[in-house]
Amino acid sequence: MPDQPYDLIVGLETHVQLLTQTKLFCGCSTKFGAAPNTQTCPVCIGLPGSLPVMNRKAFRLGLVAAIALNCEIPEFTKWDRKQYYYPDLPKGYQISQYDLPMSKSGWLEISDPKGRFATKKVGIIRAHLEEDAGKSLHDEAAGKADSRIDLNRTGTPLLEIVSAPDIRSTEETRAYLTELKLLLTYLNVSDCNMQEGSLRVDANVNIHIQTLQGKIATPIVEIKNLNSFRFIERALAYEAKRQYDVWQETGRKMGDPGTFKQTRGWDDAKGVTFSQREKEESSDYRYFPDPDLCPVITLAGDVREVRGSLAELPAAMRHRLEKSYGITPYDSDVIVAQGQPLVTYYEEVARIGGDGKKAANWVTQEVLRVLNEQAWSLEKFPLTAGALGELVKLVVAGEIEITRAKEVFNDMVAHKRSAAESMAALGIGKVDSSELEAICREIVAANPKIVADVKSGKQQAVGALVGQAKKKNPNANPNDVRRICLEIIERM
Amino acid sequence: MSLTAHSAADLLRDLAARKVSSVELVNAYAERIRRLDGQIKAFLHVDFDAALARAKEIDGRRAAGKPVGKLGGLPVAIKDVLCTQGIKTTCASKILQNFVPPYDATVVRKLKEADAVILGKTNMDEFAMGGSTENSAYFKTTNPWDTSRVPGGSSGGAAACLAAGMAPLSIGTDTGGSIRQPAAFCGVTGIKPTYGRVSRYGLVAFASSLDQIGPLGRSAEDCALLLEAIAGHDPRDSTSADLPVPEYAKSVSQPLAGLKLGLVREYFGKGLDSEIEAAVREAVKVYQSLGATVKELSMPHSKYGIATYYIIAPSEASSNLARYDGVHYGYRTDEKAMLDELAAEQKKYEAENNTKKLADLDTPLIRLYRKTRAEGFGPEVKRRIMLGTYTLSAGYYDAYYLKALKVRRLIRQDYDRAFEEVDFLVGPTTPNPAFKLGEKTDDPLAMYLEDLYTVTLNLAGLGGISLPCGFTKSGLPIGLQLQCRPFDEERLLRAAAMYQRATDWHTKRPTIGGKE
Amino acid sequence: MSLTRADVEKVSLLGRLRLSEAELDTMTTQLTRVVGYVEQLREVNTDGIQPMAHAVEMHNVFRDDALAPSLPRDAALANAPKRDSECYRVPAVLGE
């Protein structure tokens, strides 16, 4: 952060809902948007006598994510009961993992093509598997002071991913979350949809202040339920300043007697974080191993098998595209961020077009522009990679020049036809060389001042002749016009 | 001899031979229940109409030559701690007074598939916490041998109804001795199977790592019949063992030659009633006459069994009972009265300017939980929740719960060592015979100490049986306990049956109020 | 180790039980007695002993990610002490 008297320190706790058909401990559906209390059973309601049985696919997805995050996978893992009382937690405890989680000590690399921060590895302290709670809906009807409880969501499998406090700016925060979301969607571990609640973020924030006595750290504040990337950025910026102001007023620092971890929420309308009253006793979760669930043993061979089954990860994909096609980190970032289908599309365009850089420009600028304007997904886009590749090939060969090529492109999209068909329809083609010679001789003859400028050393002046050439024939290639005119002038 | 005096095995043979119908049986037991249960109070609820309808359907099928399950038409009583779909399941607690489960426990489903006929749900200590059935929120069950005394607990109703001839078979549960001890007090036979032998799905949990469902009957042969029907792997219970179920009923009558029995030195210290000791030693002599050898051995950690159990069980219970909060099912306190009470307190503290009490005042939600649970649970349940919450709480977990789990392993190791030398451990089931109603309710710890011989089996996760081996001079039954290796119930039943062929303690019946 | 009344009050909040003044007193006495008894475990040497949280050592028990029928809503809500046509109802939860 520029010119701040403090450094922002952020650790992020994200909860992602795993892409399983059914819940973590029972066969109820995890489908989003069902009518309240229609996806529950004795197990997830926590009826007397019910028992949990672990979803094999959920465990595997957790393993996939943990391995992709470069975590260590301990051989032995178990589940524990985290006990507290809340109406959306029907058993009075959440089945989670406490001291022996399924993974720990990993990292996620983040980078910024715009160079606002140096590439770094953000540590992942742990990733563990736990069940979700239900939902509490406040009754809007006038005069009613009830909360309404919907248990559809109880028992949905969650992976809780805890980062180390290695994040140092709102840009890094956004990059971490973007990369994490990209990774997990690539792996089909989660759809990371913040609007639907399949990606939830809590931030642990404090600041380091440089004083004459050395570095002071303020007490850590947990900001909960940040519902969008924008909210997160705004909340962090606000909170950092608020902590600085409080420190200036009170001098309280981390570790001072009487300070404990505060919890705050973000009110986007007011643009402030606010304190959420929490009694001290609620932090005694009385964890103990869940006697109803058996521990899981994961051997090195299992880890190898899972690692071997992983598709190419986004980071590796970006590096490979940069190396193989000579494109910039900025472009590879844009392409990979769109997902596997666009990467496949791009590579095909580059292969047929014969020029990776040009293909990247066409894909990131023209294709994505149209997709955004039309709100299309790639499947709906009318140009196959082959068709676009052909166009690029023509541009590379100099058969069309760039502005005309864009007209061709738009026509191809609008009429779903090939480059050749569009060119014919638009009357675009390479100008016959003798015709071009004739045109150039004409305009050179008509522009003695430009000739004089060029002859006196101002080569660029010839550029003014391009427009004139195009008026005589719109298909005139600007580079050819410049070259031929210069030759003619030189011979004069 | 009246129908209800027969063993379940005999009744099953008669049913198969069509000498008797299931309807006749249900009527016979219903009649006896109507006549005697006013005194014994073993049942919390009965539904004779439903039982007769079911019996009729089974009789019809049998008559038509269609297949009939292994328990074909036999009436069974079920402790009210197993979920029965559409039938109230209260766990003898107020907090579940109107709870009707929408599903059957796996054991209940298996009983139905075996064509058993459910007579009713039996009384118990609330949430299976207790050793006398005096902790039921509804009423106390009496011992048919002496109705001024307890039948034992927590499966007191299940044992008493058998002893009084009000059912031929019953299902109980055992967490620290709750099948074996009432079986001993009531002069019937009862088994706690090895942990994992029988599915816990649908068993309202008390202490998850200790609870097991088991059969009670008038003989080992009857228990074998019932165990075979309820045992087996259940994919709905992660802790259920994936092992085949032996044909217990078939093999139970085969004797065991060269049995090696172990007498645990520590069981015969002071505190063991002398009449019980005499009866047990007499029973050992009977085994010796049947070819068994006896060895004395030591289980040095058995004396820590009660302390270990009374940390682990309440800890798990405090967690298992957290769900009874009045939100999704069960009893909820009167909300309006609760809110009024809070408002009054708020006013009072405001008037007193008591800022601390105001800051600590419960929110409506918290007060809802606290009042619901205070009103819905009885004193013993509250005590165990408090104890378990304390032993799991921050700062105490290591010293109590974690420590207890380690001693538990030492207790199990004592058993493993013992079973290297002997086939079964033999000893008394209880240190004393059935005590009088109200005798031990003042001192919780005194009640806990009665579990001396039974808790270690649950801690170790092994199997055991209690069978009648005599009577005190005042006519109270005495129980003999055999403990076995993991999943060795097949031989355990045979060993018990051997004894019952050589003796007739298990055939004795009490006279209740002067009647047979 | 003796429990104080304050300890017992704290535990009663953690366990969501409301005890009357008399009950608090009785509970303090009774719990102190039981805790005093169970403390004898301190004298047991458990160095190097693994805790036994499960009665039987089993691992890797899973179920397939296959749909099973949920309860119809009315059956799910049938035992609710207070409900509307769709949801369980409780006094308003804090912070909403």
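Lettered A, B and C in written order, each chain numbered from 1.
Everything below uses one rule, namely that contacts are C-beta pairs under 8 Å (C-beta built on N, C-alpha and C of every residue); 3 or more make two chains touch, one makes a residue touch a chain.
Keep in mind it's a predicted model, so treat the numbers as computed, not measured.
Trainee: What chains touch subunit A and also subunit B?
Mentor: C
Trainee: Give the identifier of the chain nearest to the protein's overall CA centre, each chain being represented by its own CA mean.
Mentor: C
Trainee: Please identify the chain with the largest separation between its CA centroid and the CA centroid of subunit B.
Mentor: A
Trainee: Cα centroid separation between subunit A and subunit B, in whole Å?
Mentor: 57
Trainee: Report the inter-centroid distance (CA atoms only) between subunit A and subunit C in whole Å.
Mentor: 41
Trainee: Which integer distance in Å separates the CA centroid of subunit B from that of subunit C?
Mentor: Here the centre of subunit C sits 21 Å away from the centre of subunit B.
Trainee: Quick check: what residues of subunit B touch more than one other chain, meaning two or more?
Mentor: In subunit B, residues 99, 102, 209, 235, 238-239, 322, 325, 327-329, 365-366, 369, 389, 393 touch at least two other chains, as defined above.
Trainee: By residue number and range, which residues of subunit C touch two or more other chains?
Mentor: 13-14, 16, 53-54, 58, 61, 63, 71, 76, 82, 88, 90-94
Trainee: Could you tell me which residues belong to subunit A and also touch two or more other chains?
Mentor: 42, 45, 53-54, 85, 87, 149, 151, 284, 286, 288, 291, 293-294
Trainee: Once bound in the complex, which stretches of subunit C touch subunit B?
Mentor: Within the complex, subunit C touches subunit B at residues 3, 7-8, 11-19, 23, 27, 30-31, 33-35, 37-42, 44, 46, 49-56, 58, 61, 63, 71, 75-76, 78-82, 88, 90-94.
Trainee: Can you list the residues on subunit A that touch subunit B in the complex?
Mentor: 42, 45-54, 81, 83, 85, 87, 90-93, 149, 151, 284, 286-288, 291-294
Trainee: Using the touch rule from the top, collect the residues of subunit B that touch subunit A in their complex.
Mentor: 82-83, 89, 91, 96, 99, 101-103, 105, 200-205, 207-209, 235-239, 315-316, 319, 322-323, 325, 327-329, 365-366, 369, 389, 392-394, 397, 401
Trainee: Flag every residue of subunit A that touches subunit C in the complex, lowest number first.
Mentor: On the subunit A side, the touching residues are 20-22, 26-29, 35-42, 45, 53-59, 85-87, 136-139, 145-151, 265, 276-277, 281, 284, 286, 288-289, 291, 293-297.
Trainee: How about subunit C: which of its residues touch subunit A in the complex?
Mentor: The contact residues of subunit C facing subunit A are 10, 13-14, 16, 53-54, 58-73, 76-77, 82, 84, 86-96.
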